[in-house]
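Heads up, the next two complexes both have chain A, just with different partners, chain B and then chain C.
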Partner chain A sequence: METYWTYSRIKAIAVAVVALVGAIVLAYAGSEKILTYLIPAYIWAIVAMGWTAIFRTGQFSLGQGAFMMIGAYSSAILTTSVAETTQITSAIFQLPVLVGMLIAAVISGVLAFIIGAITLRLGGIFFCIVTLAFNEVIRIVAVGLPHWFGGVNGILAPFPGPFGIDFQHSKRPFYLLTLMILVLAAIVFWRLDKSRIGSRFRAVAANKNLAEHTGLHLAKYRIIAFTVAGTFAGLAGALFGHYLHVVTPTLFGMAEAIMVLIMCTAGGTRSPVVGATVGALVLSPLGDYLTSKLQGGKLMVFGIIVLLVAFFLVNGISSAPDSIKDLIVGRMKKVRA
Partner chain B sequence: MSAPILELKNISKHFGNLRALDGVDLTIEEGQLTGLSGPNGSGKTTLFNVVSGFYTPTAGQVIFQGKDITKLRPDQRAAMGLVRTFQSNVLFNDASVLDNVVWASSLRSRTGSLAAFIGTRKHREEERAIVAKAREILEYWGFSGQEKILASELPHGDQRRLGLAVASATDPKLLLIDEPVGGIGGEERENVVRHIKQLQERGITMILVEHHVKTILAIAERFVVLDFGRKIADGAPLEVAAQPNVIEAYLGTRG
Partner chain C sequence: MPPLVVWIDALIVGFSIIMVASGLAFVWGVMGILNWAHGQLYMVAAFLVFSMYARAGLNYFLVLVITIVVIGAVGIAIERILIRPVANKGFLAASVVTMGLSFALQGFITVVYGPSLKAVPEVFSGKVSIGGVFVSWQRIVVVAIAIVAMLGLYYLINRTRMGLAMRASAQDGTVAGLFGVRTGRLFAVVMFVGSALAGLGGGLLAPVYSVDPTIGGRPLTLALLAIVLGGLGSFKGSVIGGLLFGFASIMLAYYIGTWYELILFGIIILVILFRPQGMFGKAEARV
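What follows is the complex of A and B.
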């Protein structure tokens, strides 16, 4: 029988526990300023995990920005109570924010399933282009239906406020809520990867012809990854909308979809969770910082980072500890020989 | 006699004006090992692609165990027990030797995706059984002690053999083998041929696309030759190999 408590499993759990404890300590020890950097980073990490899952089925999505948008708008429309400021005639749902976010995630997941069912039979470049175009479709729909989406001014997304918790005057509750959803996403994507579904993802990506001819329905596994990723991108988008308090048509789009791609490739795609999280934790705060310091320089710096990673850390920033270890062990062997 | 395991009825596959296959009829009896050959471009690989479901034929029917499967996808055919191997890129290259066999043999698992995601006890037991069975298959195919090696790091001949092991792990009823000894020779070829014979003894029906006529003569019970998308010979291997039109197709006419 296989031993359950393998070294790698213990290591993974230890890293996860330390990271979680660190994140909770930060909530109380860190300043509000740090939290304004960390909340978006966590949200991007959720989206990036989804992108990684899609990538690990051998597909390349450029549409995660669109699903964030769907989530953000859905949740805002479902929960907003301010009709007059945004010329919206549809402040009719007025649901609690957490309920709105949940429904937004489901809507986003259903749309991801539909788009996936249409495009993922072919996969590859066709899928890539359709997802790219999907970003624009969502933006055009949002601008074109002002009574629902508030036009170019966008729509107000209320702060969450369950159990009388004050989300408005402190960032801490929002930080903890985001952390909870991040942990949920990490568990889901980790479980997905470790289960047989994950090995089928890898089989489909490793050799699609062989996978298909040994009985795997390629589209099915690609659609599973795309749907789960779309659901979490929607949830993340909704979270971001409520965090910013407003959702506008230019909030997420192609640029953000490419940001996610950069985070994942820079962080590394060898793990379903770690690379995406590391990539988001490094690049999201850096991006926010650069935007405030040098306008337009952000993408240039990101480009350089991607090149550096491609040259020196092929498996991403998250593989740096292993790479350094290999380097040292290699040197030691050389010295000994 | 039982019904044939595979029937091809008047199969044609056209690519524009090119008739890659032109009205091919072929009936394969259960347990038979058929060699399929022909000059380059004669339609062998196209025929494989039509039978395995990679191509839909322009006309004609593919019938497997009495069911019309002409419109089914490759994975649906594989689930019914119709499996093919590939000439090149035969493995899950970035995966270990063990994973290659595990991935192929989990096809027959009964627990669903949701049970797999949650990790129910029944699912975990089944996974353990699949790994145990995969190890048996690896031992049978001579890969014991190599399960952790990446498939892409194996020597070429071993990759071919592992390709056959992966295909056999799906529990096929009909196995289509594409050029099993192409590009390998000597001892390795003997080794692959011996394993194909063992599959034959286990009662698996096989069709073998092979250029190496000696291999076909050595193991096949029947020899089919294609030329320009048509079947030009079908019968006992030694007789077919001596047929004038077969020799002509391979070597051309004198003068």
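What follows is the complex of A and C.
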């Protein structure tokens, strides 16, 4: 048995606690404007962690946008209450928002399982292409069934309001809710990665032939990762829908699915949680800022960031401190020699 | 039986898919790399035509030739600068790099030209009557040039020494190199031809459809699906798959309306479940 309280474990827990305390302090010290940047960043971080989990089984999902869409629409349909005004027949459930979001996550997870079961036996490029096209499929369904999905105008997603907390006039409760789900996602993906299943994920990714010959069922582990990721993408999409208050067919799609990929690769995929979080925290506010300043600026800058990271910082932004340390240590060694 | 106009429209859509799919399949077949920026090359070509033909008013055929050469050169640059350094790190690394490039290109064009729709005037005015249906010359020229381009590519792959080298390095690049194929130079040619095809497609179709910075995404998706249908890595498969896919989409759209894309997706799912090598792909080999 190795010791439980290793240095790296203590360090990881310390970093996590400091980050969490910082995030809670920000909720009360920061202005509403900061929160409008941070809430989407946290939501993207949840999706990005899922993508990283899939990536760590050696697969390359381009469909996380579709699962966010599924989550957003499911939750909006389950909770919306404005049937009369927009001629939508879907306002028959009128569930509480938190319940709706949980069911939306389950629906998204089930669909992820089905898509995964079909495509992950082959994996690789087939998986890429089908998940990419899946974004488009969801959009077509949303536009094609206007009575359920509200057509191109979309569907209103009510603010959550459990226990009489006011989500409408302050962003703080929503920020804290998002933070809670982010922490939940981080714990799930961290535990998943450290578990027996997580080590099998890495085995499947590292050498699929070897993994298969040692008795691992490749598709099984890929499907597990894809389903968990799809569940959390659905939950994140539902959060985003209720945050924006309206869900439209163009909310998430191919571009957003690739943006998730960019956040993860820019942040780094060495860790199941850290890289995705760092990538989302850096790129999401940057993207929101650039969108408000310049049409197309976000896409251009994101693309350039990916290229720069791919060539100069292979392990992502989250590895930058290590890279800088290596650089300085290397220099010092050179000077001494 | 749908009316003749639907058949002609299907032919146009089929060939517009082929223009993107064939170049993509060609590059994937020989180099084993999926260029996700391929759709954006199509888009950039359309914008080059827009700037030089619609704005500056140059001769259309001159513009088309310049566009093809420029896009082909961009393809070579992509291969040399971006793909080659990460080529030995496998499919995922090259995918990340080309996806980043596709974002950067789309963003750059949006910054320069703005996100609005732009119209490129028709080059060949007038219509011709085929069996009582009027078809614009523009569309006939598109189909004619596309057919010539496909025949040319078929000749290059199957009837020339260079095509032999391409087929050899598609089977095994290392072994082909040992037998004297200069794979580095060959890949440059392959990237040039593949990208030039996307440039030709964008240049030909810019006057048929309107131009805006997001037009690169959909042809790429359709081309990828057509390639899966025809068989991954098979050039013949990409052409026939693209044509079938174009016909299927227009015919289904004619009979069942907006839901046709869902049925196409279902067909692709069935192909992946029961015949992942598609119509012409071999189980493992490329091209």
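Points to keep in mind about this one:
Methods note: the second predicted complex is superposed on the first by the 337 of 337 C-alpha atoms of A that agree within 3 Å, B and C clash if a C-alpha of one lies under 4 Å from a C-alpha of the other, contacts with A are read in each partner's own complex, and residues count from 1 in each chain.
Just so it is clear, a contact is a pair of C-beta atoms (placed from the backbone, for glycine too) under 8 Å apart; a residue touches a chain by one contact, two chains touch by 3 or more.
Owing to the predicted nature of the structure, the values given are computational and were not obtained by experimental measurement.
Per the definitions stated earlier, placing chain B and chain C onto a shared chain A by superposition produces no clash, and the two fit side by side.
In the superposition on chain A, no contact is made by A:292 with either chain B or chain C.
Of the two partner chains placed by superposition, only chain B is touched by A:202; chain C is not.
In the superposed pair of complexes, A:303 makes contact with chain C only, with no contact to chain B. In the superposed pair of complexes, A:125 makes contact with chain C only, with no contact to chain B. Of the two partner chains, chain C is the only one that A:136 touches; chain B does not reach it. Judged by the touch definition given at the top, the superposed model places A:213 against chain B, while chain C stays out of reach. Working from the superposition on chain A, the chain A vertex angle toward chain B and chain C, CA centres, sits at 70° in steps of 10. In the superposition on chain A, A:8 contacts neither chain B nor chain C. Chain A is touched at more residues by one of its partners, and among chain B and chain C that partner is C. In this overlay, which is a superposition and not a single complex, chain B and chain C have their closest Cα atoms 9 Å apart. Chain A has no residue lying at the interface with chain B in one structure and with chain C in the other. Residues 55, 58, 60, 118-119, 122, 124-126, 128-130, 132-134, 136-137, 140-141, 143-144, 254-255, 258, 261-262, 265, 294-307, 310-311 of chain A are the ones that touch chain C when the two sit in their complex. Those residues of chain C that touch chain A in the shared complex are 34, 82, 85-86, 91-93, 95-97, 99-111, 114-115, 213, 217, 221, 224-225, 227-228, 232, 258-259, 261-262, 265, 268-269, 272-273, 276. By the touch criterion given at the top, residues 52, 54, 73-76, 78-79, 83-84, 86, 89-95, 99, 102-104, 106-107, 109, 113, 116-119, 123, 127-128, 131, 166-167, 170 of chain B touch chain A in their complex. By the touch rule above, chain A contacts chain B in their complex via residues 1-2, 191-192, 195-197, 199-200, 202-203, 206-207, 209-218, 224.
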